[in-house]
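Pasting the structures in now, so scroll down.
One chain, subunit A, appears in both complexes that follow, with subunit B as partner in the first and subunit C in the second.
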Partner chain A sequence: MQDEDAQGSTTAPRRLCWGGGALLLTACSGPQSVLDPAGRDAEVLAVLFWWMLGGAVLLWLAMNGLFFYVTRMKERAFSPQAADRLIVFGGVVFPTVVLAVLLSFALSEMPRQRDLGEGLTLRVTGESWWWRVEYRTEDTETPVISANEIRLPAGSRSELELAANGYIHSLWIPALGGKTDLIPGRETRMSLEPVTPGEYGGQCAEFCGESHAKMALRAVVLPPEEFAAWLEQQAAPATPPETETARRGQAVFLREGCGACHAIRGLGARGTIGPDLTHLGGRRTLAAGVLPMSRAALEDWLRAPEAIKPGVRMPAYGHLAAADLAALATFLEGLK
Partner chain B sequence: MTWRGLLSLPRDGRSVVKTLGFLALAGLLGAGAVVGFGLYNVSAKSGHWAGVSWVLHTTFRNAVRLRADATPPEDLDSPAMVALGARHFDSACRTCHASPGRPRSATVRAMVPAPPHVSAIAGQWQPQELHWIVHQGAKMTGMPAWPATRADDVWPVVAFLRAAPDMSAQTYRDLTESPEGQSCAMCHGAGGASGNPQIPRLDILSEAYIAASLRAYRSGARDSGIMAEAMSHVPEAAIPEIAARMAAQVPVGPAQPMNALARRGEALALRGGGGDVPSCAACHGPWDAALNPLFPSLAGQHAPYLRQQLRLWREAARGGGPVAQLMHHAARDLTEEDIAALAAYYASLAPAKLDRTGK
Partner chain C sequence: MEKARHTSLWQMIAAPIVWAVHFCAVYAWTASACAHAGAAEEARLGVALMTLAALGLIAVFAWRAWRQWDLLSENDHVHDAPTDGHRRRFLGHAGLLLSMVSAIGVSFVAAPAFYIGSCL
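Right after this comes the complex of A and B.
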């Protein structure tokens, strides 16, 4: 025991060091990292970042080397001519060239990030505290409405119109591109060109109120044909419930007035305040990335949403009978 | 002695403290003797020493003037307000202040201070002062405070007090008579609908909603001075019977033609509006499917009552049954125009139960 303790205490700082290093490294990859790009725009940002990091490291070494040389190795002062040359070249010419190169590279990339989309337009509205997402293609009349999940086809550029209801937000999906603010009363826009299919994390990146930290979203990049099939499925009305429990859940949904805020296309609920629930069960997460999509999580959410997301507009339905609440969760989870 | 002389008095700090300490002790002993040995005569027969009544009443009058700042409603002196105020007065205030055309009892006149006769009140005070006194009461006079936090339902009483000086005993009797054994009917009408737009009609409501509301009034969960008074005369055990009787009424009446305001209200009620106001119809009808019977029907409900309630909901001051928090969420973004439009819309509908299933 004693030996172990002694060993533990000597290795603790080293462990901490390795732990810290590992923590830094984990930030470099994963579904929500700028340094693990999965889209054209994020690639540019990553390239820019690595070049700037490399350049900064080189400059740091050069400056410190020069400082070391001047203070420790060089015995005599520079001649006035040499000093002038050093100041003019090192202090004016060199930074001007470096900054001009960086600036022109960055500026040359900007138009592409503001390119128009190639057919698909998403309208993303920042609500308190969730994302309303509407999809419009060239051949759809009315938009397909969803929430808290952005699906995009890989290999083509999609346009995002951004709006906000009430508070300022910022949409950031690090693996796909930079961030853009969502401003009440103003429309902003961005476009994204995802490359690698997969699931990526996104987050509100501008403090917007009580539940800012709980306003995440999931970005799902699909191969184009899979995306088209998904969008077609989303455009369809909800499938009527099949089991007895789910039918009871639907009755509870309509009886309790949930349709005042939520729409379930095809089942008689037309509210527009809260998220469209027509295909709720098909989403990866619940309550803007806060909970997994499961029956148990739905029940918790319905019972006390305020406990999960402070300041939420959704009222609590904890007064419902337990069986009604369970049936409601079953019904909602079944809306694939 | 000049002020210089005052300064030149011997200043022995210790003797000053001693003198003050002695006086304080003597004062405490004196006060203790008055309280402990009952030396002060509290008898109402002996009245006050000369001048004390004047000091007390002037203090009262000035305290009210300083604090009375409520704005009277535009329809303060409408007959509907006076009628509702008269009925509440008859239940809660008549014992002390008597009624128009009738004298105060000899016992009441022996109170110190004696409560003024109802017809002698309005001449002394501005409407906002009457409102303050009825809502706040006055300590050590026998005048109680309003039995609710909410202050807007005090105005009918103010309206009645203003009408009382010119009211005949017969008019008062007509206003306050109630069918034998049916205390609800005095205000709400024998069929649950009185025709007074200040008083909600009950014939459109469900048994579950009426019972929940009566319990909420009794417990104070729903804040209303008028209903708190009314429910203090109704035992808990009587609630189911009252709820069943009221809910059994079949609402009758025509729809009113809709004006532009009501049309705006219709759009808001059916579809929600402005991004943050949910649709009313999903809970309150008109609706084809069965709705939770704990939600009140609003079809044909009186507009002034609806406006007042929506304002209370918006301010999160309404309270009520187990689902009240839903409405506090729903109403918080309503504007004054929304409230006027919604009240106009629901008031224009033909009186009906909650949903088209007829229950």
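Right after this comes the complex of A and C.
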């Protein structure tokens, strides 16, 4: 009995330790991880991280090894000359050389992050609490407006102009690169060169108010041809609703004055306060990465946006008849 | 002049002052050159010149501190007696060490301009 107890008390922390280690390791991969890079800029950061970590581990081992050596293995007084030499080499020369090497390495990796984009320019504006996204290429005369999703072509460097409306935000897509602040009244920039097509998570990384934690976004990296086709499709006006329910939804949309805040190009809604909804149904997520893009989620959102995103400026439409609400959700989901 | 040195701290802190002035000047110059003209090469040239000047000045102060320390004539680096000679040599010793740290600091502050060729 006593033995069991003793055993239990030693294995429990060990299990916790292994469990914790495994938990930490699972955080290394995935769609929103600095350590699972999918772009050139994130690769640079991951390489820097691993080298710095390796350096820190080596130094830690060397320092503790030295402590162990002088306190446990060779317990004796040093001669003044030996002590002097240890201080000069261990305390001055060695750290200076190590810091110079690590600093030079880090700095030599940095210029690539400052390269200019080559063709596609995105303008990302931080709103409360969503992202306004505009795409410009050399061929497009007017920018293609979207929201809460950033799509980029793989294999080329895109320029991102960053602005903010109201509060300071920060755009961070860990799998693609570092983060940059979006500051009201100023224009900042970054550039990203994604390599691997896929879907990645992004997040506002600067506390910006009530729904800061719910200000996420999806970054979709596409092969260049697919991206071009997608952009062309986004530039087109919305397709008019085809089913009876969707047509009823459009009528509700217009009757309730949704167009005062939202734009649906081609269907007469021109508001610019909220996100452009022209191709809403084609996005991966709803409400800036918070909900999946589905009819049920749209209905929940329309009924009580405040319950999903505190402080949101969109009013609730829970007072609508259930059938109207469902029709509105069907109409919006159909805006592919 | 040489005799008054045991009372003055200036010789000891001259090199760190050069580092501090270089630090402020490099930041101000880079910000100004990049914000007004976007002239990265101008900014880098200025940083290079300021860095050479700072390292030169520090070398002068280091040499003077070395002479004030006067290690070779007495071959003793313990200066703990309450005498003018010990005070003078202590200040020289400390000044030399601070000169070395300042030179490293100036080099590290200038390093980004060496590697990064744009204002972005």
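Note that the second predicted complex is superposed on the first by the 316 of 336 C-alpha atoms of A that agree within 3 Å, B and C clash if a C-alpha of one lies under 4 Å from a C-alpha of the other, contacts with A are read in each partner's own complex, and residues count from 1 in each chain.
Note that a residue touches a chain if its C-beta (ideal position, glycine included) is under 8 Å from a C-beta of that chain, and two chains touch if they have at least 3 such contacts.
Given the structure is predicted, the values throughout are model-derived calculations rather than measurements.
Once the two complexes are overlaid on the shared chain, A:255 sits against subunit B while remaining clear of subunit C. When the two structures are aligned on the shared chain, A:103 is found in touch with subunit C, with no touch to subunit B. Within the superposed three-chain model, A:319 lies in touch with subunit B and out of touch with subunit C [touch as defined at top]. Touch criterion met: A:111 reaches subunit C, while subunit B stays clear of it. Put simply, more of the residues of subunit A are touched by B, taking subunit B and subunit C as the two choices. Residue contacts after overlaying the shared chain place A:189 against subunit C, while subunit B stays out of touching range.
Looking at the shared chain after the overlay, A:29 reaches neither subunit B nor subunit C. Overlaid on A, the two complexes show subunit B and subunit C touching no common residue of subunit A.
Partner subunit A is touched in their complex by these residues of subunit B: 271-272, 275-283, 289-292, 295, 322-323, 325-326, 328-330. Considering their complex, residues 165-166, 251, 254-261, 268-273, 313-316, 319 of subunit A touch subunit B. Remark: subunit A residues 92, 96, 99-100, 103-104, 107-108, 110-111, 114, 116, 189 touch subunit C in the complex. The touching residues of subunit C, when paired with subunit A in their complex, are 100, 104, 107-108, 111-112, 114-118, 120.
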